[in-house]
Structures are given as structure tokens and as C-alpha cells.
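Each of the next two complexes has subunit A plus one more chain, namely subunit B in the first and subunit C in the second.
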Partner chain A sequence: MATITRLAWLGLYKDLQRASSEFKQFGYREFAKRRVREYFELNRKETDQQKLAALYQKGQETLKVIHRQAAIGDLFPASKLIIEQPTPAH
Partner chain B sequence: MLRTALRQATRTVSAMTRLSLSTNVAATSSIRLLRPVCSQLQIQRLESVEVPGPYTPPIHLTFKVVEERVLKTIRTWDRVPQDKVDQVKMESHFVNDLGLDSLDHVELIMAFEDEFGFEIPDGDAEKLMTPQAVFQYICDREDVYE
Partner chain C sequence: LQEHKCVLDSCRYLENEGFKVTYLPVQKNGIIDLKKLEEAITEKTSIVSVMFVNNEIGVIQPIKEIGALCRAKRVQFHTDAAQAVGKVPVNVNDMNIDLMSISGHKVYGPKGVGALYVRRRPRVRIEAQMSGGGQERGLRSGTVPTPLVVGLGKACQICKEEMQMDYEHVSRLAKRLIDKVSSNVEQIIRNGDPEKTYPGCVNLSFAYVEGESLLMALKDVALSSGSACTSASLEPSYVLRAIGTDEDLAHSSIRFGLGRFTTEAEVDYTATKCIKEALRLREMSPLWEMVQEGIDLKSIQWTQH
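This part shows the complex of A and B:
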């Protein structure tokens, strides 16, 4: 089994973060980004190749899930939270 | 006033279409007659409509602007260590000086992508370890010159 390169992991991380920022709803968006980060942090020390391959596979599937959920979220109107509004110029 | 003008215009148009069926020469002359009526109506209508202004011209990037925006992006990025915000210089190394890990680095590169509006390929992103390198990369990419 071929090892997954560092570049591939970073690429997956970037894809996941990009996909997560597609969520219109502030809560979902921030949660997805934080959760992706947490998972990567959690498995940082993992060395078992089989587990790593499984994790990579899971990451790819999660990417699809996030894309799909973000697309579904787009179908419904979402208003921006007050903290997302641009600060008025003084 | 407007209503009568409109009615006149419609009448002229219908007359014109009838004419254009009979002769082409007559049609062209009636178009010439019709034109001022139409343009006046259009002006009246357009005056009440708010026309979006001309598009905003792209900002001309200079070395100074790029440098400021690179540093601003790093300083405003939310996971840069707060005690090191003031120490961010063009030469400081993301990993060694600012203490970021590889995941932070990826997110920072994403922040640069958002700031400058183009995608940095993963292979190139790996080499961008200082603000100076990012600055150089963006200047090359965007054809910045003094």
C-alpha cells in the first residue's frame, strides 16, 4: 500500500477547510472548520499505514458530505448574524 | 403629458410598421422621424432609474501596497499568536519565528488566497515560508512593478 504523502494530507486539509467555508450559516461554518482541525490534530501522531489510509478515505467522504450539506443549506434563506455584519465606518 | 406622448409614439410605431410592410424607403424615413420621440421618452424614464455607476477600476498594485496587504493579512488572521503580532516582519519565518504548524500554514495561505483573489497551488504554497517569499510570489504572479 502506497503511503499518503504529506502534500496529499495538506491538500485534503485545504479542501476540507475550503468546503467548510462554503456554509452560509455561521454556526455550521465555524463548527465544520473547527471539527476538521480537531480531527487532524487528534490524528497527528498516527503512524499505522492502514489506519492512515482509512482516515484519508474518511476525509474524502467527509469532503463530499460537507459539499452536499453546504449545497442543501444554500437552498434555504440564511440571514447573517450581527457579528458577521461589516462594522459601520466611523 | 407623458401618456399623450406615449400614445403618439405607439401610433407612430404602428403607422411605421404598416408603412414598412408597404415600402422600405418610407419605413427608414419614419424611423428617422420617430427617433427623437423615443430618445426623449427614454431619457425621461432613465432619469428616474438609478443607474449603477461605472465598474470600480482594479486597484493598481505596487510593491508597497502588496507588502502592506501581506502583513495586514498575517496580523488580522485569527490564529497568529497574540504576543507575536507586533513582531511580524517581512523576514520572520512562519514556523520558526511565529510558531505556526503545517495546518496553520495551510490556513494562512488560504487567507492570502482570499486577500489577493487567486489560488496558490499546494506545491508552491509549501515553499512560501516567510512574508517576504509570499510578497515575491504575489509580485511575480500579478506582474507588479514600480
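This part shows the complex of A and C:
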């Protein structure tokens, strides 16, 4: 079984982060970005090739889920949260 | 006396039907006294119901100990785990839970679906809520809504996988919120036990600030002065009164809900706004002025009866 290169992992991470940024809803967007990072940090020291392969697979599937959910989110209008709006001068 | 409104109302209904219901008080920290529970269980007791995590102050009850006690006394044990499932580890076998209520939207699942765990051995006999086709051994008749059911299952699966991450995130946010608010405003009291608590539910009392006014001032943040389930009345929360919070403090409490989708930026915004508004309201408050002058408010007789 071929090992997954560092480049491939980095690519996956970047794809996931980029996909997460597609969420229009602030909460979901921040959550997705944070959770992706947490999963990568959690498994940073994993060396078992089989587990790594499973994780890579899971990452690919998550990528699809994020793309799909972000697209579904786009179907409905989302208003910006109060903290996203430029602060008016008091 | 620290159950969810819906359980309390069911108890009241049972009382009308002729059942005897004993309501147990809780200690100051919001946790049930096991000794009192043991004394309250009589030969005629058929069921004990204790909330797993309280919805207003977030305290976690010693469910495992209560379960063991109920098993030893051969009493059935129901727990309302709507706030616990998916957030803290729950095991019906370890904890000797016979009946457990679960709610879909509390585990980030769909609204309008829930579940009741019923132990098969030792058998729990329950009356069906509605009669009909007799599905699920006659306990729950009718067709289930597939999307909701799948949603509940998937939500639970995700919660189980990511419980640790969610818990750490929520703890971090709760600490950030409490530290920030209490370091900037004096006389902030956190209701409920500081240790045995689910951090996603922070209940703070802003002394000498009226809770509802603070809510009005924070109208761009979704907060509540109690739980949504008791919002029909402006009375102070019975949960807070049960833990012995003074009437005035119970009136000035705000409940902050934190979850998976809450972010640091949102917490910061809320905390900053809270501090600003609490200080502003105190500035206007005659009570606060009197306290600053050193008058003990409890010594004042407000009305003449």
C-alpha cells in the first residue's frame, strides 16, 4: 500500500479549509474550520498506515459533505451576524 | 425540586390522578442529596426521576450513584438526559438507568424528534402514550418520520465521535466568558456547582441589575433569563429558588448557552456588551447607589403589610 505523501495531506487540509470558508453562515464556517484543524492536530503523530489511509478517505468524504452543505446553505438567504458587521461609530 | 418544567407538570397531573409524588429539594450547589433521596424512597415508591443535566444552571447530578441506589431498592429510575446526551458520557448499563428521555435538537439533530430509552431487563412496564397499530411492542404506535429519525441517529453518532472536542471547546468558551465578565464587573455570582457542571450552560447573576432589563439591552444577542420552557411567566426561575438563591439575585440572572457552533468572537462580543450594559444599568440603579453607600438592602422594609 502506497503511503500518502505529505503534499497530498497538505492538499487535503487546504481543500478542507477552503471548502469550509464557503459556508455563508458564520457559526458553521468557523466550526468547520476549527474542527478540520482539530482533527489534523489530533492525528498528527499517527504512523499506522492503515489508519492513515482510513483518515485520508474520511477527509475526502468530509470534503464532499462540506461542499454539499455549503451549497445547501446557499439556497437560503443568510443574514450577517452582528459581530460580522462593520462596527458603527458610537 | 429541580426538574424541567415538563416533568413537573406531568407530576402534577399524576397527583391529580391520585398518585403520591414526593418532590426532593436540592443542596445549595444544585445537586441532589443522596441521603434525602434514600429516605424518600418507600416501599410504595415505583419510580424516581432525576434530571441528568439541569437546563438552567447546567449542574450534573450524580446519576451513577442514584442509579445504584434505585437498583438496590428495586425502584425504577427515569432520567431526563436531554441536556446530557452527546455532551457528557452516558451509559445506561453503568448508571443503571431504566428509562431515559433524549431530545433531538439538543444533540444538534432535527427538531421535533426525541427518544425514550426503555430497559428490557429488568423489564420496565410502561403505558403507551397513544394507542394504535401496536408498533414497537405496542409502546409507540404510528409511522415514524424517517428524515427525523435518521437525523437523530446521525447527530448522536457525530456527538459521540466528537464529544471530547466539543467539550473542550465549550469549556474554553465558558472560562473565557466567566473570566472576562467577572474580572470587569464586581458582584457576579455563578449559579450552580462550579465543578460538577456542564460548561455549555452558564448562569450568571448580576447583582442589583434587573435581568429582564439587561436582556433588553442585549437585544442583539440571544440570551434568556431562565429557560425557554418557563418563559410564560416573569417570575424568577424556580430552579434558582430551589438552590436557595435570594429573590433579588434570582431576578438578576442571565443564562448563557454555549455550544459547538459558538465562537470566540461571539463570546467576546457578548461579554463586552454585557459588561458595558451591566455597568450602565447599575449606574442608573438606586439600589446600587444605596449599596455603594453601605446600606444593607436586606434591612430595609419595602412595603408595609
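One rule holds in what follows: the second predicted complex is superposed on the first by the 86 of 90 C-alpha atoms of A that agree within 3 Å, B and C clash if a C-alpha of one lies under 4 Å from a C-alpha of the other, contacts with A are read in each partner's own complex, and residues count from 1 in each chain.
Just so we're on the same page, a contact is a pair of C-beta atoms (placed from the backbone, for glycine too) under 8 Å apart; a residue touches a chain by one contact, two chains touch by 3 or more.
Fair warning: this is a prediction, and the values are worked out from it, not measured in the lab.
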Task: subunit B versus subunit C as contact partner of A:Arg37, first or second or both or neither - done: first
- [ ] Would you check which partner chain A:Gly27 touches, where first means subunit B only, second means subunit C only, and both and neither mean what they say?
- [x] second
Open item on the list: One more residue to check, A:Gln17. First (subunit B), second (subunit C), both or neither?
Closed with: first
Open item on the list: Is A:Leu7 touching anything from subunit B or subunit C once the two structures are fitted on A? First, second, both or neither.
Closed with: first
- [ ] State the interface residues of subunit A toward subunit C in the complex, per the touch definition above.
- [x] 26-28, 30-31, 34-35, 38, 42, 81-83
Open item on the list: List the residues on subunit A that touch subunit B in their complex, please.
Closed with: 6-7, 10-11, 13-14, 17-18, 37, 40-41
TODO: Could you please specify the touching residues of subunit C with respect to subunit A in the complex?
DONE: 162, 165, 169, 220-221, 260-263, 265-266, 269
Open item on the list: Taking the touch rule as given, give the residues of subunit B at its contact with subunit A in the complex, in rising order.
Closed with: 102-103, 106-107, 109-110, 122-123, 126
